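Note that the chains are named A, B, C, D, E and F in the order they appear, and that numbering of residues resets to 1 at the start of each chain.
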Amino acid sequence: MDSSMQPILDKAQVLIEALPYIQRFNRKIMIVKYGGSAMVDEDLKKQVIQDVTLLKLVGFKPIIVHGGGKEISKWVEKNGIKPEFINGLRKTDEATMEIAEMVLNKVNKSLVQNVQALGVNAVGVSGKDGGLLKVEKKLSDGQDIGFVGEITEVNPKILEDLLEKDFLPIVCPIGMDDNFETYNINADDAACAIAKALHAEKLAFLTDIEGVYKDKDDPDTLISEITVDEAKSLIGDGYIGGGMLPKLTNCIDAIEEGVNRVHILDGRIAHCLLLEFFTNKGIGTAIIGNKDTRYYDE
Amino acid sequence: MDSSMQPILDKAQVLIEALPYIQRFNRKIMIVKYGGSAMVDEDLKKQVIQDVTLLKLVGFKPIIVHGGGKEISKWVEKNGIKPEFINGLRKTDEATMEIAEMVLNKVNKSLVQNVQALGVNAVGVSGKDGGLLKVEKKLSDGQDIGFVGEITEVNPKILEDLLEKDFLPIVCPIGMDDNFETYNINADDAACAIAKALHAEKLAFLTDIEGVYKDKDDPDTLISEITVDEAKSLIGDGYIGGGMLPKLTNCIDAIEEGVNRVHILDGRIAHCLLLEFFTNKGIGTAIIGNKDTRYYDE
Amino acid sequence: MDSSMQPILDKAQVLIEALPYIQRFNRKIMIVKYGGSAMVDEDLKKQVIQDVTLLKLVGFKPIIVHGGGKEISKWVEKNGIKPEFINGLRKTDEATMEIAEMVLNKVNKSLVQNVQALGVNAVGVSGKDGGLLKVEKKLSDGQDIGFVGEITEVNPKILEDLLEKDFLPIVCPIGMDDNFETYNINADDAACAIAKALHAEKLAFLTDIEGVYKDKDDPDTLISEITVDEAKSLIGDGYIGGGMLPKLTNCIDAIEEGVNRVHILDGRIAHCLLLEFFTNKGIGTAIIGNKDTRYYDE
Amino acid sequence: MDSSMQPILDKAQVLIEALPYIQRFNRKIMIVKYGGSAMVDEDLKKQVIQDVTLLKLVGFKPIIVHGGGKEISKWVEKNGIKPEFINGLRKTDEATMEIAEMVLNKVNKSLVQNVQALGVNAVGVSGKDGGLLKVEKKLSDGQDIGFVGEITEVNPKILEDLLEKDFLPIVCPIGMDDNFETYNINADDAACAIAKALHAEKLAFLTDIEGVYKDKDDPDTLISEITVDEAKSLIGDGYIGGGMLPKLTNCIDAIEEGVNRVHILDGRIAHCLLLEFFTNKGIGTAIIGNKDTRYYDE
Amino acid sequence: MDSSMQPILDKAQVLIEALPYIQRFNRKIMIVKYGGSAMVDEDLKKQVIQDVTLLKLVGFKPIIVHGGGKEISKWVEKNGIKPEFINGLRKTDEATMEIAEMVLNKVNKSLVQNVQALGVNAVGVSGKDGGLLKVEKKLSDGQDIGFVGEITEVNPKILEDLLEKDFLPIVCPIGMDDNFETYNINADDAACAIAKALHAEKLAFLTDIEGVYKDKDDPDTLISEITVDEAKSLIGDGYIGGGMLPKLTNCIDAIEEGVNRVHILDGRIAHCLLLEFFTNKGIGTAIIGNKDTRYYDE
Amino acid sequence: MDSSMQPILDKAQVLIEALPYIQRFNRKIMIVKYGGSAMVDEDLKKQVIQDVTLLKLVGFKPIIVHGGGKEISKWVEKNGIKPEFINGLRKTDEATMEIAEMVLNKVNKSLVQNVQALGVNAVGVSGKDGGLLKVEKKLSDGQDIGFVGEITEVNPKILEDLLEKDFLPIVCPIGMDDNFETYNINADDAACAIAKALHAEKLAFLTDIEGVYKDKDDPDTLISEITVDEAKSLIGDGYIGGGMLPKLTNCIDAIEEGVNRVHILDGRIAHCLLLEFFTNKGIGTAIIGNKDTRYYDE
């Protein structure tokens, strides 16, 4: 055999290595929370879309849930409103809500566009469509901060129907309350609520960190896999701080309501989704129910 | 029987009168092009939504196609761009297109919201979702006016699937070209193309006029029903002018490709859709294939 | 807008008012016990058929259960047999049974005919078809009164299949015992048993009275809504007498086995079914599970 | 092996012999026109029901079409009307039609009863149900003889649905005209029209004769199999007379419209249906398309 | 009626007698363990195939499970290996296993061939196909006797799918262990495990004995029906010996896991399956749950 | 980013490159004729199974058709028969046929086993199952060479049903004639006939050559893509000889009956199927309808 074949055979080898992963997650639902740098950097964005599209094509059932990121602030300011945050939550008056919804739908359809360009049928929905996300007003330390919603109910029919009809659903986190008023929702919360409602196999958060650290100040203490009980201990012991706390709480919540495995991935790494799901190289931190569902040695 | 019952019995009578109409159009697809005053006046808007929702509930399969109307210009200006029209078509540079898409999606989800509030499941899609509307650049007298698209192909799968799953689809007229670039589309054209692709029973345009006049300068010459051949004569004889010309051309096109009946309705009349579809009072002008499909005497 | 439009707009308003009712009972099964004056008076008969057909067309799933009324006695006498009643039950020897079955089937197919004439597909069945109604001999105070049956089992497959295939089923109350002998059944009992077997949303009795009275001798004490517990009290206190007692017992039984709402309607009022189901004017008396399911103030 | 086994083994042999017939007609539709002596003699009646039920159970799809026979005249007279026939057709005024319909439905439900008693689900319908049989008035030599109908259209949906749901349909020959008036239909005509509409594999007439004779006056000329062309010749040559002429015309019509094989059976022979369909002993006369579809040697 | 008709009428009578049996077992699954003399004698073989094919055609869902019988030994010897048995189990080294599998598949496809020749679609599978039979190594008194497997799991999907698609499945008793190695399985055990996994109505063993005897040494003590409790007593009292012991244990096991009736039939009697299932002559011994499910008097 | 990530990112890249191929052939049927060295060399065998399994998992619908290769001769000789070939076809007497069938089924189930071990459900069938392959005796230059069959009819129901139920079918080339006798079939012919009957997208032959040469004596003239017309010219000009002639004729036949693309692959190259279907490196020779369906430059 001709030596120039080697690199080609190496390619075949990679595909063969993916076989057990494809098999294990065939027709399983995966919720991908898309956000952070991966939404800003054009290369990363392209790679995420490629990854999710490939997951779809090889038989997984991915759903993208995304936020609006820095685009919302940009357009709010452009329209003469000064963004204001209270305890990390955007104060959302009616004018801000109107712009936020426009931006989120713009981002939503732009993702649809990118997936369609790869030849896969995608449909973008917000939590209004088919009554997907029902919310009530969320207070911040008892203070009314406007149209910020807390999910009270998920009606997953539209997502189930789109999956059945072989579409890739893309969801932006907007909901309605009992009076059918519009509310902004935290995208992590939306991803978590949808994963629970659909009994997803996996929920993956694309973030701008490497994962969870045993000691948040020591970069050598990155955890590749952690059980719910261990995560609760870390939180109890005060090791988890900042933005990671609500994210980890969401992870624990998802696992406890039936999601099999939650991943906090470093969205700054190219193709982090493929690497996590198709190779034995764990990226970031996986939260699992108990030690029996472990894949890797720490 | 107690005389106070009379008004109540009259109500029952109205419902009974609707019976043959309900029966005739059961499970038939109706495309409603929503635009004009009916989008601006809050009462009219509420009535249109009520009408379409009722059509859905009694067994019709309506689909709403809407434009953005004056909202687009408002937001374009708000963001410091001067709207510019060439031969009646909006000159659409990239910045304008971005805002137009945001506004159209905002209007789209707001209609979803209104239908959901009446207890019916709606889903808002643009022509990007599932590759619904494919376009190529439209020139205006040979001049490039930016991202204005002409529909070259309709892929109705997403609409068929939503109807099958009992949703009320609401469509905003945005499409993609072969390079998956975003284009604005005339809403009348979009409604007409979708009606043809789905072999709709009916296509109704909500307009700000009473209908088609035999003589556009004589208000006494309103036509309640006209065949395709008669319409072509009127056009040939120069009786049809202004914005009515492209609309009537769309109507003729739809009938010739299999839509059974096209209506130009006066959207300024409350509940014009119900009146047209549930009573023997014809509102506006109906375009039909030939005299055999006539309902009313002129 | 032209003032001559007002009556037409009023029509639209009536349709719009029906919207929440259509929505609430969409695809719900309703059993209509058809009997009394509404079977004799040609106008009332026509109106009942119109009402049920409209209920079918707007998405409900009605089933008509009917008796034979005065027609049976007429034909029995015509054939030289003297009708005889014991404790209100027709003494039914073999010859009487043969004629009763012929008359009931005649009435049954005549109703089919009326519904078909309105453009809706109906199918008439008796309790023999598909083994729908299984009975045992009913004694009257221990006395054998012939082929009068008490329902012991309902096999609803034929009704479920006809509903699935979009037919309007019309049932006449004849059943077979374990030896496949023919028996006559009280139509109220048959309606009640079928409502229970199909977990119907509603069961409505068309009667010749205005409804249930708190005091059967005082016409001012008509009850518009009553809970099962209240009904039991009224019975216990001896306020309910005559033919109303078994009817009310049937109502209580139906509610307790899962029917949501039972109506005793005045079949002498034109379109009483539409008025009850499409307006907020309650006609007659509604029997409900408890106060939480009340619609009207007393 | 014990010699007492022989009769038992013979039984097995009979079942085995039926195998190729069961296989050949599996899931094929067979229309059985039931009438004549087989409706009067209780033993024959029981055997016909057993035969049809067995055909159903082993995988055929039989449909029974029956007349009312002598029962109609009996009840007409009983109710003081003198039966009158014009050219062999019953003069059917309104009163006669009413009684005829009652009797036909009585017979219909009695057949349902007999099939149910054998454990198979049957449903009796008339041509009114689901608009099965549409007719126009039939004149007799230009003379109006009342409500005697000629079939103009068959709407087989109700029969197809009942077959799909595994019921054995039993049809009585009553239809409606364009004004939804009731008409009596010749049962042979009804059976033939239904066979054509359902593209039945077989159509079998139970009659009171042995079959078709080459020479109607010579009992030795019974024909066991005849092609359409041969049948036309016989008719043309005047060999076929009396009641056989319209029957044979029906047979030819059925074959020419796609029924594969029509049988004129002697309904006075016990189990004639089983013998015809499960053994190589042809009973009566088979009408076939051409010589290629012959089974037996003459 | 011509006297020569009598034998033909007798045939009809036999078919009519089969009616209640066909009805009772319609669409019920029956597992037939095919083995013993019935595999060797060409006439018996033909009759078994005819019987099972007829069962299929009249609506039952039979599955054949067969062994390889004397053919395996023949081919093993032919290829120079001396068959060796330890406690009645074939010592199965790799070479023997290879031949045994070849022979079993040959027998399997030969049965397919015979069924196809009767016009019924059959598919032959081994326990490898679709992972049907999973095993672990079976020791004989603690001694390793090679590739002899004990069933640990049945994955019935392939059989359910074949039945749904109207094939007659034929199974040969080969399975794989956790390492996907090939094992030979006792055919009785395979039939029993499959009957349990599919909740079969019946399981019938074709054997070379007349049935179970109360006293194995007294041919007059043949038992026609026995309950599980009675069978356990007989075993406990030492009345059951030899090859009957494991067979009877399998029977008890099947009944206790939901099979309704297990038959030990004398496969040397022609058409024993038809006689058992279509006549009231019980052949061999039936094992039942309790006295309530008895058919025959002892 | 850590430099140790590079090889991992390269892996992701390979998967991403496969994306358009996965997309293009999603749910398309591919027939793989498995034979030659790839059946003998254990490594190659494992790789072929991995490749086909991966094709299945990512959404293709592969079917394997295999021969028995050298195993048949080995077992024939082992059983004392001297293999004999006439014009390249095995002379197949009854004894040889019996052994050939045993060996082919052994190979068949061994492939099932290998696929099951990779976690995918496979079912092995021969052309007997469900009457898949019907043949007539094939003569060799007019000479009877025994049970060698030529395919006259393919009944693909069993394969369609297995694909629908998500199994991977594996077929061995044995068929039956009109008398249900067993025949051996050339595996290339079987693969070709099945590809045509199922309107397969692709048909790939695993061979022991590099592909088709323009000049069979000049290794530098390997053709990577050739149209049917070009292939016919080559044959006409006498450039194609030996075993390639019937293979190329099969290829032309398949293309002309609707298969989109036929591949002659070098089965001695590891993972040749993956390389052909997932990379832009063409392996061997592709036969296509015309130049418009070309992928590669020559």
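Just a few scattered comments:
Throughout what follows, a contact is a pair of C-beta atoms (placed from the backbone, for glycine too) under 8 Å apart; a residue touches a chain by one contact, two chains touch by 3 or more.
On a predicted model such as this, the values are computed, not experimentally measured, just so you know.
Shared contact partners of subunit A and subunit D are absent. Chains touching both subunit C and subunit E: D. In this assembly, B is the chain whose CA centroid lies farthest from the centroid of subunit E. Distance from the centre of subunit D peaks at A, each centre being the average of the chain's Cα atoms.
Taking the mean of the C-alpha atoms as each chain's centre, subunit B and subunit C sit 44 Å apart.
Between subunit C and subunit D, the centres computed from C-alpha atoms are 37 Å apart.
Between the Cα centres of subunit A and subunit C there is a gap of 55 Å. Residue positions of subunit C in touch with at least two other chains are not found. With chains as nodes and touching pairs as edges, the resulting graph is a single ring in which every chain has exactly two contacts. Per the touch definition, subunit D reaches subunit E in the complex via residues 1, 5, 8-20, 22-23, 26, 47, 50-51, 53-54, 57-59, 118-120, 268-271, 274-275, 278-279, 281. Considering their complex, residues 78-79, 98, 101-103, 105-106, 108-109, 112-114, 116-117, 121-126, 128-131, 157-158, 161-162, 165, 167, 174, 176, 180, 182 of subunit A touch subunit B.
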